[in-house]
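Chain naming follows the written order as A, B, C, D, E and F, and within any one chain the residues start at number 1.
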Amino acid sequence: MKLVIGIVRPEQANDVLESLYRAQVRGFSMSRVQGHGGELEHVETYRGTTVQMGLSEKVRFEIAVSDTFVEQTIDALCDGARTGEVGDGKIFVLPLERVVRIRTGETDRAAVTPVDQG
Amino acid sequence: MLSLPAGVNAGDTAWMLIATALVLMMTPALGLFYGGLVRSKNTLNTFMMSLAALGIVTVTWALIGYTLGFAPGGSLIGGLRFALLRGVTFAPRAGTAIPHLLFMAFEGSFAIITAALISGAVVERMRFGAFMVFIALWSVLVYPVLAHWVWGGGWLAQHGVLDFAGGVPVEMGSGFSALAAAIAVGARRDYHRQALLPHNALYVLLGAGLLWFGWFGFNGGSGYAVNQPSVLAFVNTLLCPACTLVVWFVLDALRDRRVTAIGAATAVVVGCVGITPAAGYISPMASMLLGAVAALPSYALIMWRPRTRLDESLDVLAAHGTAGLTGMLFIGFFAERSWNGIGNGLLFGHPAQLLWQGIAVLAGPAYAFIGTYILMRLVGAVMPLRASDRAQAVGMDVVEHGEEAYTTGEGAILVVASEGERRDRFATR
Amino acid sequence: MLSLPAGVNAGDTAWMLIATALVLMMTPALGLFYGGLVRSKNTLNTFMMSLAALGIVTVTWALIGYTLGFAPGGSLIGGLRFALLRGVTFAPRAGTAIPHLLFMAFEGSFAIITAALISGAVVERMRFGAFMVFIALWSVLVYPVLAHWVWGGGWLAQHGVLDFAGGVPVEMGSGFSALAAAIAVGARRDYHRQALLPHNALYVLLGAGLLWFGWFGFNGGSGYAVNQPSVLAFVNTLLCPACTLVVWFVLDALRDRRVTAIGAATAVVVGCVGITPAAGYISPMASMLLGAVAALPSYALIMWRPRTRLDESLDVLAAHGTAGLTGMLFIGFFAERSWNGIGNGLLFGHPAQLLWQGIAVLAGPAYAFIGTYILMRLVGAVMPLRASDRAQAVGMDVVEHGEEAYTTGEGAILVVASEGERRDRFATR
Amino acid sequence: MLSLPAGVNAGDTAWMLIATALVLMMTPALGLFYGGLVRSKNTLNTFMMSLAALGIVTVTWALIGYTLGFAPGGSLIGGLRFALLRGVTFAPRAGTAIPHLLFMAFEGSFAIITAALISGAVVERMRFGAFMVFIALWSVLVYPVLAHWVWGGGWLAQHGVLDFAGGVPVEMGSGFSALAAAIAVGARRDYHRQALLPHNALYVLLGAGLLWFGWFGFNGGSGYAVNQPSVLAFVNTLLCPACTLVVWFVLDALRDRRVTAIGAATAVVVGCVGITPAAGYISPMASMLLGAVAALPSYALIMWRPRTRLDESLDVLAAHGTAGLTGMLFIGFFAERSWNGIGNGLLFGHPAQLLWQGIAVLAGPAYAFIGTYILMRLVGAVMPLRASDRAQAVGMDVVEHGEEAYTTGEGAILVVASEGERRDRFATR
Amino acid sequence: MKLVIGIVRPEQANDVLESLYRAQVRGFSMSRVQGHGGELEHVETYRGTTVQMGLSEKVRFEIAVSDTFVEQTIDALCDGARTGEVGDGKIFVLPLERVVRIRTGETDRAAVTPVDQG
Amino acid sequence: MKLVIGIVRPEQANDVLESLYRAQVRGFSMSRVQGHGGELEHVETYRGTTVQMGLSEKVRFEIAVSDTFVEQTIDALCDGARTGEVGDGKIFVLPLERVVRIRTGETDRAAVTPVDQG
């Protein structure tokens, strides 16, 4: 199993959500981060203080998937997040030893498949 | 020499001073209200549109707007006698017992907020420079004309149209201008693609509370005196929105078994708008009825509009245009001479009043809509009205103002340009 | 016909217009104050309780509350002469030189905020529907009775009890009703299990600032005129809370060597409450003393209460009940005819005043407590008062209003129900 | 006995009541304005400095400050006749038709906000206790002296210096005291090492809006009556800041092709400050010119100061000192007897006015600067003025007040000390 | 050594903190995230705009532990976080190669054992 | 490749940013977290409620680097973040299997080297 981390533009977040959904990725966690990379820095001025903003807002997805799902998860992330301009973000794939579903104590594959209530 | 000239009444003047201050407070309150309704990346830009109105419209008003609205002139527009405030001094404004100068300021505060209201239709995508040019022109070419029609001796006034505190120029004026502006500027990039939600509903609630507070000056001051209409208008400005609020609760509950906070804030505005034209003309009980009645068309429009392609983003048309229209027509039915000392509506035996109120609710919106649309097109011919999709994605605050509403300062590299020393990246020691 | 009828004074009326507006502004300010004191998931719900009071109590007041409080009647409750505002017009209210209509609105603004104050006891768990029903009943059955006792010619007034701006109906009325409400509704799920902290102390500070601002109208307007008591009440409303603030600083510093901001905001309210009953009756120097004295019991109660099982969440009893009680008794000692033109307290030779003030601080709280408790039980018999533990965990904003105070819009899927098209998940293209 | 004594005018008194309330509201509004300009970890501390001024300065003012400023005395300082408010009652204050008590409160509200303004120079590092001691002393030893010079019959008044609403005591008084305070306290640990950015620009905008609102009472009330100067001052308080705002937009756009929100909020304050001394003395058109002119030096200073080593953190000198100075000098040119009934400036044939205005803008700042510097050194000799670097890193809110502005409550362990039971870590069941 | 990531309900956060404390887990970091899984989505309405909220607030714990501690950390997380209803959250266990305590430069085991000041 | 996670004091964040920059680390993501460790807890009081704050504000850096870069990244983090007092924070090094640059689809080494626009 792998933990896939995707860092994307906030304005693409909803597109990513949608493409994850289309790719049958049904469980993930998301948070706001600030990223630094090759992007042009914008200048801000507050009264006499001028600053260059070295960080841009990004959204970070954290997705535990079974090994067979890795490719399509990566594709889904790229699909939703790509605009073609510098700053689109990165995907990291980490080895994942174990997953536990807190509610039931199930582990691994079973734990990453959500029940469907909706 | 320091005391007020003959004909000026001190009690009236005291009340009009504070009423004017209250109305001026409404424009920052509107900035807060609108600023909460947009996404956080556009909140400064949204507030700034209101603040820009305070700056720009005050200037245009003093230079030329006031005279076009209120100097003696034709039945369509006023003359130039008061241009650059010539002759606007301490002597009482004709028909009132307050200094002409104060009358000018009170009316100016109406022009300011009306211009600011229109911004609700174009937030989150209209370029700030274009908006400033637009409201400068609008405050000279649209607002004064509407004000002249009903208050400056124009044709609607001549035919006895009743509009206590601005159903035509302020409420329908802003509402239908907003409609035209939204059409001219076009929808936000993300409209119908994403949910565009209020980033801070507390700002919206507090903004609505402060607007209501200011509205007591808005309506209560529109008698230009401490007199019966003022007192009546003041009390009705409490009773009517309260009823709108209660009815809105009911409508929300019927729809979804829950009442919403954004809805309640909206209801306050709708109720205040509804009573605006009628405030000094109808009985307290009629104003409670008006509060209930005015909720219905505005509620319906607010529910329906977002399903259309019209991105009139903050529903100025529903909250101001429609509710103002309802109030204007309501006068035609419920005006009651025993309360207002001036005239009756249809229910009290004077159907002609309703006819002329009906004409006013056609003519005012038509002029506002057409005038705004033409002005927007003109401005758009000279400079782009809309921010690019990229700019909208980044947010208007950074793009148009080079600022963010909420910053932590992390990752901000000091630039100390003038001393030649460019700070090393990120920090210094 | 437009000018005010004989017997109405324009200066008085001007002042009472603005004083009324100021008091009405206090209810949204209270919403902000309370909204900051709760957790972010309950902040809209908390503000909405105040806004609901503005809607609902205004309506009940106009229909029936006002007449029960202020129409001639028995010594326990007023009659029905002014029901539905019948006869409440421009003619001066007996005993004043302001229009009856305005008097009604001014008194209404007191009923509104008193009802809103009670919400502080039950935030974060009381169901919104039940709260609305409760305040509707409370504003008819409890508040008008208390108001009648001291201001409407009721038994306390007949015995010369002095209560300038609402020690009995507003401050003790809300404080002891809050106590009963907290008992009836029960504690929050997480009370004593977790730290329940203010989510935005800036709102609390700004709210306190705006409340103080409004209190100048609240107390300053309670002379119904521009007269000596009004001026005295106004100035005392500055001096007294300032002293409370300073003493609170000292108490905080003694306890922990640091002074707290939430404490300071609380002190402002406590000081304003303390001076409320006494504002027009005691000398400025006595009011400074009152400010210092009133801090003590409220401070002690605020420190002690959270250690008990009583989840009177925002300490309405300590801030309003106790401080109002202190102010009421203080009158019994320090009332000074040379300042108020009416009567003396014990220190100036009139011990009977203290006796009757003492009776008032027993009777008022008793009625408020019992009345509220019964009403809550009645409402609770018809519908559940409390949100479920699950709902409390999720938060009242989402559960009761279907909204969040602070949203980003991420992960929000547009539902466009009516056009039959249900948006695909998360976004659309 | 209840009505006002002979010589007191009800209309004037009504207006002065509300004007006083408006000025008192400005101090919390300033807390919000300043609170938004600092980092989130210092925002409570910043607001608390304003609130402390409301508490402390009110008390010192009543006890001793007022008499030193306004009792008959020498040409440098007033006497002690009104100490502890002795003899300050309902009889009209000499030279006005309002109760002496109200006059005292109105002037007190000026002392309060002036003290609060200075905090802008020392936020984010001055220890709270030291600040409280400082403003207590400052409000007795510095402010009343400046007030006496221009309004209490002191030497500047004797020479006909014109200062309508506080160019010398309030604006230059705070601005140059701020300069001295910043020098005495020293720069923030992170100054020039990191970007220290406003954490909430919405608070700044709303704060500026509320300040402007309050300023209508500040300037409009400084005629102590409803008279020509009041009306003129009121209207100029609209016109002048509007022009400053527009010019600031232009300056921003010239510098960076974008206009900033923090800049706009600053412009509002600068414009209000600029008109403060001149409000009742110059024509409306001159006030518009003043608005434009006053923008320039303040803008330049605000851009330049952060490049220096002087961490006068929120630019009180630029916003108040400089703009107040500009307004004072402007009177020397543009005072116009046909508008103010008192005197002319150089352009209308009276060059001596300019001379004395020039002397005032030297003497006032000199006294404020020196007095403040000495007081700060004295306080600093007794207790440390600055928080340690560690404390600054953690934030003044936690260190000085034991609170955070924005908390979630997670990880907060309830301590229920008094009942002997120390909660187990993090939660309980 | 392992990095244990626990994603739990915010209303359980304090219970989790307590059970971690009881399990002698003395070092961790915590942040707010938004999660998507099998939970029922609630509907919100803002004026005429009705949305389904596809994300729920969650709290994310990040805990570096030595291998012998993994089980009891997982148990503590489950203990504090379990309510039995869908949405209780997940635990992920990742291999961790190295830990450094910034203050001292200590690595690995030594680095995850906090000093006791309290 | 490794994923380096650094948890530091917020007041050191800008120093860390600078030392990362000096160390030629040009890509990373950053977020706010709350940490618990050996630090002294401060007491806060809100009216009658006194609490001990068991969590301190921290800033979390997440940096994907090629293996040869790990040492200097750790050094840079320590350099910028160390004050010598308890609470300076931790560094975690995790194995990283794969990195994808969303914009281009490049993977691994190429993906962690930002283009320079500035």
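Worth a mention:
Everything that follows uses one rule, which is that a contact is a pair of C-beta atoms (placed from the backbone, for glycine too) under 8 Å apart; a residue touches a chain by one contact, two chains touch by 3 or more.
Note that the structure is predicted; figures quoted are calculated from it, not measured.
Common partners of chain A and chain F, by the touch rule above, are B, C, D, E.
If you average the CA atoms of chain A and of chain B, the two centres end up 43 Å from each other.
Averaged C-alpha coordinates put the centre of chain A at 49 Å from the centre of chain D. Centre-to-centre spacing of chain C and chain D amounts to 31 Å, using the average Cα coordinate of each chain. Across the assembly, chain E contributes residues 14, 17, 30-32, 34, 36, 41, 43, 45-46, 49, 51, 54-55, 94-95 that each touch 2 or more other chains.
The multi-chain contact residues of chain D, meaning those touching 2 or more other chains, are 10-11, 14, 18, 193-198, 200, 256, 260, 262, 304, 307, 402-404, 407-408, 410-414, 416, 425-429. Taken as a contact graph, the chains are fully connected, with every chain touching every other chain. Residues of chain F that touch chain D in their complex: 9, 11, 14, 34, 36, 41-46, 49-55.
In the complex of the two chains, the chain D residues touching chain B come out as 9-12, 14-15, 18, 22, 39-40, 192-202, 205-206, 208-210, 212-213, 216-217, 220, 223, 225-232, 234-235, 238-239, 242-243, 245-246, 249, 256, 258-262, 264-265, 267-268, 284-285, 288, 304, 307, 341-342. In the complex of the two chains, the chain C residues touching chain F come out as 195-198, 256, 260, 262-263, 266, 302-307, 315. Looking at the complex, you find that chain B touches chain F at residues 408, 410-411, 424-429. Those residues of chain F that touch chain A in the complex are listed here as 3, 17, 26-31, 62, 64, 94-103, 105, 111-112, 114-118.
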